[in-house]
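One chain, chain A, appears in both complexes that follow, with chain B as partner in the first and chain C in the second.
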Partner chain A sequence: MKALFNYIKEVLGGFYTLLQGLGVTGKYLFTPWNYVTQSYPENREKLQMFERFRGEVIMPHNENNEHKCTGCGLCELACPNGSIEIISKSILTEDGKKKRIIDKHIYHLGMCTLCNLCVRACPSDAIIMGQKYEHAVYNRSNLTKVLNKPGSKIMEGIKE
Partner chain B sequence: MAFSIYDFTDLAQSIHNGLSSSLTPVWTTVIEWAIIGILYILFVALFGLFLVYAERKVCAAIQQRIGPNRVGPYGFIQTIADFIKLLMKEIINPKGVDHFLYNLAPYIVIATVFIIISMFPFAPGLQSFDFDIGVFFVTAVSSVGVIGILLAGWSSNNKYSLIGGIRSGAQIISYELSVGLSLITMIILSGTMQISGIVNGQADGWFLFKGHIPAFIAFVIFIIAGTAETNRGPFDLPEGESELTGGFHTEYSGIKFAFFFLAEYMNLFIVAAMVTIVFLGGWQPLHFGTGNGFNAAMDLLPPIIWFFLKVCTIILLIMWFKWTFPRLRVDQILTLEWKYLLPINLFNIILMSVVVLMGWHW
Partner chain C sequence: MAEYREIIFNSDKIQTDDYFVNIGPQHPSTHGALRIVAKLEGEIVQSIDPVIGYIHSGIEKMCESLSYPQLIHLTDRMDYLSAHMNNEAVCLCIENALQVEVPERVKYIRTIMDELTRIASHQLWWCATGMDMGAMTTFFYGLRDREPILDIFEETCGARMTFNYNVPGGLMFDIHPNFQKRVKDFIRYFRKKLPEYDTLLSGNVIFKERTKGLGVLSKEEAIAWGVTGPSGRASGYSCDVRKLHPYSAYPYVKFEEKLATDGDTFWRYQLRIEEMWESMKIIEQLIDNIPEGDFAVKMKGVIKLPEGEFYQRVESARGEFGVFIVSDGKKNPYRLKFRSPGFSNLFVLNELVKGVKIADLVAIMATLDLVIPDIDR
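Right, the complex of A and B next:
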């Protein structure tokens, strides 16, 4: 008798759990407007990427065309596949000292794996990950970018 | 020519009279066969394509995706494009196959589908055959389909196909039992095996409501066993994409694969239509008792729309199962059948006999 009772309990319990599963998927099935997928080309005007999305490496400049890069080369050392090349130059400061500053921060987007190691290596937070994701170009050479803008200077107060 | 969307008997009769007035009886029969054949081929092709589209959309909605949405409005032409692509593919004959059986197998599977569909009443007057053993005939023919699957698995000269075919055989032969027994439960209630008799018997209430608890148990068992018979998830072991690379139809390509594919989806329709006919009253509108205002309101919708409404609801339910439940192992599938469905089914037959004998059904 106990075996029969357990059998019926097992069957009913099984149905209860199955109905629970159906309830979860049914909630999604009958609210199809809550889908997660984005219709990409239609919504590109208002598409917002997530804060942690890694689109490309960029160097933010302020309104006076100043950046924070000291040209120390740590990002170049941190890069596992050589996507970053730092070309520095020496200038004479006003008090007659020689100082090494950045000339060109060359970034090969075509080689970059967006691993974020350069951003973490940077001591002055000069480079960050940008949100742009449409990188298709007609020529491979367009994927090589110079991150510091022409004529830009280092910001005041950035320590070496 | 008399035509009414509510009853097709006059239309069929007037076509028959028109043909036989100008042609000999032999030619009348041949032309009528041709018309019916073309109608069924069109129906199977179009409804099969619709089911593939519906499955992709339902699956997408359950997984919070959009599904096909590029080809045509809401991706409606997507499956037609897929089908044209499938038809243009090369038909490959692998090395070492048994050519005769390999080429025969898809036709057995698809022919079974056509024979079963010819038994279904879509509306009053829209039924090709009406044997007095209709339900028995449907279950008998549907087990012929497994021969096609076994032949496909055997003749492909591929171990995955063979395992898929054998699994399919074990599964379908087991679950045929539950399908048959739950149909017998309902035949006890209806008192006839003739499909038109079963449908007409539900004019004052569907058997699902007339038969109380045993009818409901038979309904649940029939849906479970029917899903298993169509080799659909959660019982899709014979295809087993992850371990058998497609199962019995691994080696097929082009139009032969399309036949298997179409037959699979039309089997889904067949199960849903059998549920509709036996439990939900076929093309009968939702009636309670006789001659009240509610019945008159329900009669406004044509019977053919009622039929497809019910069929599509059951199909949605079966698709919902597929995308919710995890797959069963082979031993779990056989345990479910032999240790749970079969004893419950046998008990249910006794329960239904008692209900019918005591006159507790309406």
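Right, the complex of A and C next:
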């Protein structure tokens, strides 16, 4: 008799645990303010990344198309996988001296692991991490970018 | 594996009721590109043979050509669910070799980050375990609770999984001003949500019946195979590196090393749930007492380790993670070896699955908590 009683108790107890689980899911089903899913491409406008979010390496330019990069190449050295290539050129300054400046700051987004080491290495804070998070392109070559804009020059007062 | 090949080539040895099933490499319940060759008799598993290496990326070899600060970011990509502990292990190893003392603030922040990572990892493991056993609900509930932690990481470290937040000598940035508030909010939130996990899965009669007494690992076997982490502790093997060889801020906090004696699938499950409670306790003890100070000490531009061999172990979410650096005094290591917990935990699987049904093989594998890049690296 006792065995039978225990058996029935176990079966009912088992059902009870199942109902408890269903209770939890049921609670969330009928309380829409607890929904956590977002409809992603639709909420693009509102989606804000955190300020430290590492999306890609960018080089900010001011309104006169000037940047802070001196072409020193430290970021190229710091990068663990060769995502950055610095091509520099030499020019003659007004007082007749030769000077090396940046020609092209080439950045391969496709190879970059977003490790932030280049940004840390840069002595003049010329490059920072951008917030863009959608990087899909139709052609792999579009992932190679030149960070300094055409015709841009170095800002006044950046020491080398 | 040898047996498997032999049978293929000597066809007279094939017995009609033995057959081999390939689980993986592309199978959702192997949690990555892992192939398991299971020898079955009917539905009963006789033995299994794990075949690894599908996503081997040569990280150890790659490290030999990188400088010390550069190679840290590769360890994110091994056990991506305990990325922070892996980073920390390399940094601690370098700091010990150079005999650099990091500020107290760094120790506290590193420990808090470790425990947050552990909670996040166990949450994802809980999602996947439930799903492996056919409970789709758990997947969404676990991911829902993991989201606040990833937000904390994203705000402070700038990334959600591959943080690269530790640098030799400290941290890459200071914590974000919102950090403490967010962590406290999360603890308050998760203390309410964790009992739901018990209601949904641990208390569920079907789950209990399926897991109790299944895949029993004895303490002797656990030690012999080097099974560490919650999987080893479920068998009563006290192997918590945080207790045995305390590092960072672990000496300052009070917490229990949870142990069980049964060593079955259910207890491997249960211990991870209990570890989440312990992790929350550790974070609560530290979060209000983060000392003021620098977030990194100034290191030389080029870091060169003295000649010699250095080893550092930490407790990752899956067990003991070790870094062994052999240095010849140059700016990159001569040889670097990682002791990853997943590798040892995988190879005990053959001992556990003899005589179980094939559906239970998946349940046992789930509670070993395998992360495949950690095994292949």
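The definition used in the following text is that the second predicted complex is superposed on the first by the 123 of 160 C-alpha atoms of A that agree within 3 Å, B and C clash if a C-alpha of one lies under 4 Å from a C-alpha of the other, contacts with A are read in each partner's own complex, and residues count from 1 in each chain.
Note that a contact is a pair of C-beta atoms (placed from the backbone, for glycine too) under 8 Å apart; a residue touches a chain by one contact, two chains touch by 3 or more.
Everything quoted here is computed from the prediction, not taken from an experiment.
Of the two partner chains placed by superposition, A:T144 touches none, neither chain B nor chain C.
Within the superposed three-chain model, A:L114 lies in touch with chain C and out of touch with chain B [touch as defined at top].
With both complexes superposed, C is the one of chain B and chain C in contact with more chain A residues. In the superposition on chain A, A:G26 makes contact with chain B only, while chain C stays out of contact range. In the overlay built on the shared chain, the residue A:L18 is in contact with chain B and with chain C. Of the two partner chains, neither chain B nor chain C is touched by A:S88. Using the contact criterion defined above for the overlaid structures, shared-chain residue A:V36 touches chain B and also reaches chain C.
By the touch criterion defined above, A:M129 reaches chain C but does not reach chain B. When the shared chain is aligned, no partner comes close enough to touch A:S152: not chain B, not chain C. Using the contact criterion defined above for the overlaid structures, shared-chain residue A:R52 touches chain C, although it does not reach chain B. Overlap of the chain B and chain C interfaces on chain A comprises residues 18, 21, 24-25, 36.
Against chain B, the residues of chain A that register as touching in their complex are 11, 18, 21-22, 24-26, 28-29, 32, 34-37, 39. For chain A in complex with chain C, the residues that touch the partner chain are 13-15, 17-18, 20-21, 23-25, 36, 49-50, 52-54, 78, 80, 113-117, 120, 129.
Chain B makes touch with chain A in their complex at residues 58, 60-66, 69, 320-321, 323-325, 340, 344. Note for the complex: chain C touches chain A at residues 66, 69-71, 73-74, 137, 144, 147, 151, 154-159, 162, 164, 172-173, 176, 196, 199-201, 203-206.
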